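Look at the two complexes coming up: chain A is in both, with chain B in one and chain C in the other.
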Partner chain A sequence: MRYVLNTGDDRREMLQIIGAGDIEDLFSDVPPEVRLKKPLNLPGPMSEPDLRRHMREISAENLNLDDYASFLGAGAYDHYVPQIVDQLLLRSEFYTAYTPYQPEISQGTLQAIFEYQSLICALTGMEVANASLYDGASALAEAALMACQHTGKKRVVYSGCIHPEYRLTVQTYLRYRGIELVEAPEAGGITDSQLLEGMVDSRTAAVIIQQPNFFGCLEDAPAAGELAHRSGALFIVMADPVSLGILKAPGDCGADIVVGEGQGLGNQISFGGPYLGFMACSQKLVRRMPGRLVGQTVDKEGRRCFALTLQAREQHIRRDKATSNICSNEAMCALAAAIHMTCLGKEGLRQVAGLSLQKAHYAHRLITSLKGVEPSFSAPFFKEFAVRLTEDPAAVNQRLLKDKIIGGLDLGRFYPGYSGHMLLCCTELRTGDEISRLAAGIGGMKND
Partner chain B sequence: MTEPLIFELGAPGRSSSFMPECDVPVAPVEEMIPGGLLRRTPPPLPEVGEPEAARHFTRLSAYNHGVDTGFYPLGSCTMKYNPKINEFAARLPGFARLHPYQPEDQVQGALELIYRTGGYLGEITGMDHFTLQPAAGAHGEFTGLLIIKAYHDSRGDTGRRKVIVPDSSHGTNPATAALCGMEARQIKSNGRGLVDIDALRGALGEDTAAVMLTNPNTLGLFEKDITVIAGLVHRAGGLLYCDGANMNAILGITRPGDMGFDLIHLNLHKTFSTPHGGGGPGSGPLGVKSFLEPFLPTPVVAYSAEGGSYRLDCNRPLSIGRVRSFYGNFGVAVRAYTYIRAVGGEGMREISQNAVLNANYLLALLRGTYRAPFDRFCMHEFVATPPAGFKEAGLHTVDIAKRLMDYGYHPPTVYFPLIVEEALMVEPTETESRDTLDKFAEAMLKIAREGLEEPRLVKEAPHSTPVSRPDEVTAARKPVLRWQPAGGGGVV
Partner chain C sequence: MVPEGLLYSEDHEWIKVGGKTGRVGITHHAQEALGSVVFVELPEVGSRVAAGEALGVLESVKAASDYYSPVSGAVVAVNEELPDSPNLINEEPYDRGWLVELELDDPAQLDKLLTAEKYIELISADGK
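Up next, the complex of A and B:
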């Protein structure tokens, strides 16, 4: 076994020092009736060249986004990941370390997380951000629980335009907590504001919207925030971090808690994970926050340094009284996000958001001018939009694939009422040529 | 020796932006987005060039201790070597550049990898079905307890709200019970560090939903009476949950499924060599016996023999639903799959044999100077307490931990499990050589002498790290949780 260093001689001498005759003696506490009587039925070991070949073969059974231009979005985005991000992630001092419980020898991870927290605050316009959660969906669920704990109320109103998988996750988290979950319906691609208003009352702990929402449309976030606050509820915004290059910060729209899927910030799309959920909130909520927090302090010599802090919220101290059962965060994904935000900088993030916006709107203009294609909604949108097709979206996608284009998502998968509608996404990576080919494919024409 | 914050570097107008020119006709932003939703000023992000960023983060990395820098015997965390071929595999475009909503026929390789990984984990643990959706160990526990709740409810057995955990359990166990709206009940361990059978018997009843155990337990001891325990739990109508954090001790030797456990979560970042990443991403696959399969989170990857293809099965009426988006930490699963294929079946057994050998060897070298509360062979880790005379000299476990840093080591886990006062929990793993263990033991024995001869040297350690002990009390009392420009307002 190539990752074990002990030789036969080592083993013999070590056993002698231990005072055991045989390695089996060390397992004498394992009762015979539960001992494995036969070898594990697993394939045999592989040499590294064979393994490399094998992994390349399995990976080659997939169509990847280097070879195909993808117009899929819906919570996982093909934004550019600059080379510097992955190069730095490969510093094994970062990736072979664990949770920075020992700050004297973990300042690298601690400072990087502190910078990540500061960057998320800058982006969202909030006062505090944690060290990251598993993904956007679980971050949203944690935010809902946090709001209930803070307000002492047990009713959450959320928009039906939030990503369906996020809503399912929230349902799972809240199921056994005696919390009533109320869904405000969608109308014209955005949350029905009149129905929403009727649902929010003084028993409500939180109002939750996604901005831009699952359909790519922009909600009237400031109005939803006012509505929440009028009833004494917290306002939770689920934001696309990339959109914040041009969209108003949720903190300026009255948000008390901001969560989101951070994948678009320097993380590979990787078939859905690992991603990171970011979470930011106002100062008054910090002691209710789940997950890890890094704080600035000084060492004995008065030098600035960083350490995990407010750990009295966490499971390893409080056990069943903790704010959450969370132990790990998604530190490497948060590091990727920090490097990415750093390198994009003030101007770069605006450029990425602006390019995505322009390309999506160009694609929208082109596609909705095609015969038989109607825009699904008239609400303003950022980088995603839906169109109604006269043909089955799966058939359209089959045709597009021949031209090395991966088309959009059939909305019928999540909203039966919108079957026959396709959700399309453009990031800064989609070129004018790819967009033309997308339009040509949808229109049933073939470009030469 | 400290590194400036990224916000303190760079200059206005500097950037590492790498964006192309817009190659489509442009429309005015104000026509596309209502003015009330537009940002007036760009977000206050840093303005640095790529060379500065590269140097900054590279320097930061140098302030870390990782497995590649040195020995990292952090008990309960299994800090083994992270093979480099795993990193290669996870970065292949055919894995890293896949969208989760590509149609199934475009991602057969990815689905196959998830399916096969689940199968291998099932064989290793003796479970029938696995889901890879949970993102971490605690997330696996959450998924497991929800399944247990759904199972009892499906039988009309709705009064089972209690989850029994030993007092040596991980903090995530009782915290997870609370997250699921259940009540954790703690039972005392016996004098040998094992589950007290009488206490368990007394705690079991009609309200018992489950018993959560780690085996070997957090003291590094194998629960010898595990089949008796399983019988008691099942007769009381409860289910037996295995916290698989300590799986590295028993690969190919014994299987939780054969011991009577009904569910188990694994930590791919512990046993299956995926990087800990400074605290994540991990992955916490959950395995169950057949009778619990209908409750697994949606979707599951299914294989159809006729078509010879894999698909996502979403039609699962009894499922607990989703615990996160998409299919879990796929990139972590790719690494674990790569590891399992590199090692093979017989290699699994060798891993555990050497993990247990290394732990016992280190214990043998330290025993006599450090106190071991349980006088028997350990499994893959052991718990020790400070040498005689330390308490009188005003020295504690934390001081030993800090002094170890001066010798180039990451300290063991400290003050856990809670039932051993001043605990030092040591887990060397199989990827360390005898030579490393000898040198580490030497340092530990030297610290034992220093503590008596020169207690201040130990009390004030570390002396050679980039920073000395941080003031954690002030950090918690007056939290500074983000950078703010000078004059940028009060402390937050």
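Up next, the complex of A and C:
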């Protein structure tokens, strides 16, 4: 379907058919006393070259990841996006497609989403995946709500090692629903297993962990899963999709629901969004799953085709009995993730995860050998790790910026007990030279 | 399609009483309005319900609808055929499409329900 603007003649003809004199006539039911009587305070139109120059000036005020090497993670990751992803996204059939509520004219979009769902199932080891949610944070909140609906219980136990902003989002979603949110504290960079065990009881709807967690450390997922199921609770895992190229799939660790932030798959950091929430679950929970679901079926001539299915779950039919009011998905971001996964394949995903793992561990060795730098934790980690510095992380980061390095996150911002600690991330994109410069920048700090 | 020998609620459920128990389902009128049933949410055996309280949910391609208990009681059985064959509700709403069996708390509640004749009046007034 082509996108072509209306000409002046088109507009005149349309106005004539409906019997209006000009566009203003269409607003005749708005009372004159509430109508704006002057033009909006906006700059005038620009030519294309002028506009391009103007936008480039504005965007040049930001640092960009082509010029700076980033060691910042904490939920947004600088993984490589192959050129083919952007190239295919730009196809007008994908770029301008809207929501596929009419399957007759949306088979391309629906098939792409179905393939995305299938890829997420394969990656997470789960039976069903939805067409995506807004982002990892809200996907986690939706999973918590799902568990409460399914079990009829009103208590959720989650790890304090989950991304602080994801936990805040869950709190916001659950606030007025009378659900008790209990946080299992961190110890040594992972969830304190003894305290966690004490918190899970027969009133618990779900046990939630993040894997790898916010500190980059690996949790004992199977043990948390067993604990949940022993008490009749569901086990929810929030997973880094890139890590699933190498880590055991959450489905094989007993997860009932798997959610996560899909940005690391084919989507740019983009200064915070749009991002991609993925969700997958076991078949028995499919009717509780929020969001859109694409199914495969046959048309009246027996040809394979696709359509949105199980719509009676959604709020436009089930209303206040629906799990959630979401009725949208992140189609473009999901498509980018699907192209990315297809392009890399199983081996490629394994390679990306493997390289991230190796480079992060190399960086960890190099940096913790510097005078005054101590590792924060001893737990096994994937692509992120925290170190304790003797200088304020903000000062270290200022110094690093001068060498075109973006340093890590000051953990003290979210965990007062870890003030002075920096969370660093190393993806497959970081070169040996960049890691050396990071070490040099950190090493140049004053030691008492 | 309103059989004699059953009692009816204003929410379009029927109940067939035999001694201390009653079998409950939805009427032909209800299944027609709902459309093809694709999923049934049944209550747990042993759970208690008050008259007028929801027993579960019926899901069709276009709607999700609660179904209610005409009387107070305890659930003693649910129709195990329904999860695999929800279409029975549309095809045989008074026979194989039954939903739940209850042990009645108070048979006097049955006096508040409608006879077949009164139910026919109700649905005719609805303007089928």
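In this section, the second predicted complex is superposed on the first by the 422 of 448 C-alpha atoms of A that agree within 3 Å, B and C clash if a C-alpha of one lies under 4 Å from a C-alpha of the other, contacts with A are read in each partner's own complex, and residues count from 1 in each chain.
Assume a contact is a pair of C-beta atoms (placed from the backbone, for glycine too) under 8 Å apart; a residue touches a chain by one contact, two chains touch by 3 or more.
Given the structure is predicted, the values throughout are model-derived calculations rather than measurements.
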item: Partner chain in contact with A:K321 - chain B first, chain C second, else both or neither; value: both
item: Partner chain(s) touched by A:E115 [first = chain B, second = chain C, both, neither]; value: first
item: Larger contact residue set on chain A - chain B or chain C; value: B
item: Partner chain(s) touched by A:T191 [first = chain B, second = chain C, both, neither]; value: neither
item: Chain B versus chain C as contact partner of A:Q296, first or second or both or neither; value: first
item: Touched partner set for A:Q210, first chain B, second chain C, both or neither; value: neither
item: Contacts of A:R11 with chain B and chain C, given as first, second, both or neither; value: first
item: Chain A positions touched by chain B in one structure and by chain C in the second; value: 311-312, 317-318, 321
item: Chain C residues touching chain A - in the complex, by the definition given at the top; value: 38-39, 57, 59-64, 66
item: Touching residues on chain A, where the partner in the complex is chain C; value: 287, 311-313, 317-318, 321
